[in-house]
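Below are two complexes that have subunit A in common, paired first with subunit B and then with subunit C.
Then we have the complex of A and B:
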């Protein structure tokens, strides 16, 4: 008979304890704390904080900036995720082959991942600088007057999406590359003997076998699309007119520029809910259709 | 007609000559085995025939047609890989039909071929299973079924039994052999296991260091090995190679030339007491195998293994006399070439 507090299970609980403490202190307790903060308004030196129920959540509904950042974030996610995953797969397929200078190409593809986002933002700031930046200089060479990429609400979000893809794809490539190397070359040879072309092999064999990796990457990509905002500090600060503002940056501004902790907490709860629902859908919907070895 | 002819085939990688000027012919509907130790080039030859490896020089002909540079899928061959190369995400049925689907065969044909093939290899109950849910022998059968549905009359097999345990291996040997005869397949089979070669082959091609050491029927290779390598590679335990002078015997060939080596199969040696006529040796050890006993004999530098049937009453360190019929003697030169060849 197994008892919850038998001698054996006490050992078990003790072994779990360090991890449990860390998880509780740094994940679950802050999550619960955030939720409580979101239903109290901010106290100050003279006023204690008090319960204000769903007020912060009602405010979400009428906050135009919240609506803008949600839409922006959706565009940012849709713009970055499929392209960076597709690019990652393509790069992995390229550097999985044998050719001269393969290590060099692998390194080149992976370099953006190693750079801190702040550094990346600085590099791209140079690319995007109006008139004297790299892109506008190139365009000027062909006699085209380039736009102010980061200053124009029409181009700023796309400019940031391109940069994020450049930063992310190399990281995802590593996972695909690792997965490709576990696939036996005999499969490719067997398919070749049966008359399967490269495309057929990719569609029917390689891609299905890479699905677990694709799922893992796509969950990460979704999280990253909500999490990565470092570049906004350097490039646009969310502007112009919130055209490049993203949810997490909005939370940051609300909490630390406007000092509205309660509202920031409510925004955070929304962010957590969005991420959790994505993860659940991806996990439960795709998991059934994926072959795991 | 589905014969394979290999002419002066060479495979070189930078600094290595893996296959060195090999020529042979595989007759239609026969079972040919490429046999040799690891690194002898046997798999490379098979892969060149399959078109998975390019040929440095020489040519490959199937049915009289030069296919040295033909695409693998147009060579009219099927192949069974060492690890079976089953697609892990597809079930047994999809695995078997993979090739027909690629070639867009009509559904009706697919169904008929599938039915035939799975009955032949006994997989009817496992069609919906994934390869991971099958045993080694069943996976092997899926690979065979894939060959059968392909309808190709030439089948290349690259050590397909090496991942199976001994009992299953013996079973699959029989099955593959009977399948080959039933379907009239032309099979080229790579192995390093001489038992497989002896039991299955119509023709054995023994390779060493990328060259053909000897080729012929199992009987030819066993009864008249052309070199010490061939003599010791085929047969278990391997042929004893001794210097007759060390045993103090005079044989018809060492009378004039002391350099000639004597080869004796372990089973031709009779062991007995003083009543038999022959050199004296000491029993160094006994391996009891049930139906037979291997007797290790020493005398000075010379060592011999004799295979006696059933139990034997010899004891270690006992001195015995040995005898063999003169007709069972093989002679080899020190440079491994048989005199007169």
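Then we have the complex of A and C:
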């Protein structure tokens, strides 16, 4: 007992205090609050809120939009994460080399990251606009009539995935580039002396050394695939007929367009559980297989 | 030296604070949110009008805050209310009325106005524009940035297709037959475009009314989505793309439609009158504005934003708010607003002012929206309006993109809407 209250441990607790307060005030308390909201029927105006039990969670089961957004979000995640990470690695390898105009290319790769998502969406809205948009104008040059990218449920989600990759890849590239610069050139020379080909060197030396970075990026990518919905406000509003709707946007609409705080809270709890389970898997499962220096 | 400066700074700061509180005591301070839903520099127009008001009424200070689109404005206003720092008045979507009443956020104007003069003012607006502002015999919203849907058409394209540019289609049949002549086989020009993102239910309100139906009852607790006439209207909308081929299939983006029209990609578009001034400035060709065509009758929903006064404000603030709203909706101001934006004058008196009379005589299309008012109906507005609207939006988009038939889509929407509205009946 006296261990906890020893002078030194109090000193330690005091050092932790600012971080702990911030974490509790802005992370754990809102999380608990969200859970409590989700089991209450939020009173609107004159009605007071009352205990609702699992009603909001039962509604999840019968809400067709909820099912759609879950599937869409899975497709969105699977579509954006591997490609944007692969692309980021490729771009990083390119601009890690020495060639004329390297900083210009680096800047070009990084530019989409600097732009806010809303601005990006506004740009891409005019890319995707049928007939007068950039993509359709290019296709028309070759005599092809482009589809109605954002107006067709079959193409809208892919169109948004492409845009998200364009936006994300440059950001991830920076991390790879930083990691590549820390890898000692001696390794490359040694591999050369041993007669290892470029591909072999990449597969056996470079890529394993980049694994910690890949883990970090993949966690970020997973979070982003659930977090990035700004573009939906501009591009599709989740339409047509929910074909591009994502979980977070559905939460937003439930909370602020339908004013159903209780159900929105239940949806938020689901989102938290999804993200938490991803983080657990990534940290405890993949972490063991990664070589840290 | 340093201490001296610090003291000087403190004294100045205190003086500034004191001056500020004194000024505030003498003034009534109002915070007002307003949304902008169409393109163009509308914020400048609103800010200019508010400044004029403050010049005339030095005892009232107004903070007019641009709050994004209609959804954003409502969210900001309600969030401000919950955080205990409410605005006193706001321009919000006319169809938010039931939601705002259910949230106990607003007061009826009948309970705020005092003098006979003010009561008379409540009756000075176009009755059709008041439909979305009244329920249970009380007035909750005062029309401000109000619109109807009109048809913009490219007269040059009409001439090129051998059509009379002064005779835009007046019926659905003519819309189809003229549309076919205006559609070019290589896809470089479509006959017509009706936007189906953003506010699909609004456009649909026009089509249903033209087919002799409305979408909901006056108390906002029953919808009629699955009536045969309503299904027919959606079938017609879909047919424009899939059968008659005068409109692109799939959904058509609300936000970029004006650009499509200005670049000559479509010969006709249905859009808010709020776009009129922007089209007038942007069109490099001869264009016309017409009422929407008729099937059984002509028809359009009204649209746009109303003034609301929030409950959570002092009597002085409410009084000042009424003063401000009266100023903003006075015939002269309403006329000025209409000229600068294309939104309609909200009262008959506005069209009697010299500003609007001169403008209309030089540019007759400015009066199309007003002339169409006699055929207009309320915009879709019910209890749980966000959810009900989304149900209808989804079913329209699902039919237009061919995921389900109009009948399936609308029956489904009606079923779910009936479930949501049960407790309000």
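Here, the second predicted complex is superposed on the first by the 291 of 293 C-alpha atoms of A that agree within 3 Å, B and C clash if a C-alpha of one lies under 4 Å from a C-alpha of the other, contacts with A are read in each partner's own complex, and residues count from 1 in each chain.
To be clear about the criterion, a residue touches a chain if its C-beta (ideal position, glycine included) is under 8 Å from a C-beta of that chain, and two chains touch if they have at least 3 such contacts.
For clarity, every value in this text was computed on a predicted model and none was experimentally measured.
Model built by superposing both complexes on subunit A: subunit B and subunit C fit together without a clash. With both complexes superposed, C is the one of subunit B and subunit C in contact with more subunit A residues. By the touch criterion stated above, A:148 is placed in contact with subunit C alone, subunit B being left untouched. In the overlay built on the shared chain, the residue A:209 is in contact with subunit B alone; subunit C does not reach it.
Looking at the shared chain after the overlay, A:270 reaches neither subunit B nor subunit C. When the shared chain is aligned, no partner comes close enough to touch A:174: not subunit B, not subunit C. Judged by the touch definition given at the top, the superposed model places A:258 against subunit C, while subunit B stays out of reach.
In the superposition on chain A, A:193 contacts subunit B only, with no contact to subunit C.
Minimum Cα separation between subunit B and subunit C in the superposed model: 53 Å. Residue overlap on subunit A between the subunit B contacts of one complex and the subunit C contacts of the other is empty. The touching residues of subunit B, counted against subunit A in their complex, run 50-52, 72-74, 77-79, 81-83, 85, 87-89, 98-99, 102-103, 130, 132, 150. Contacts from subunit A toward subunit B in the complex involve residues 184, 186-187, 189-196, 200, 204-205, 208-209, 291, 293. Of all residues in subunit C, those touching subunit A in their complex are 71, 75, 78, 99, 102-105, 187-188, 190, 196-198, 248-253, 255-256, 259-260, 263, 265, 384, 386-387, 390, 393-395, 397-398, 400-401, 403.
Listing the residues of subunit A that touch subunit C in their complex gives 44-46, 125-126, 129-132, 140, 145, 147-148, 150-153, 234, 236-237, 239-243, 253, 256-260.
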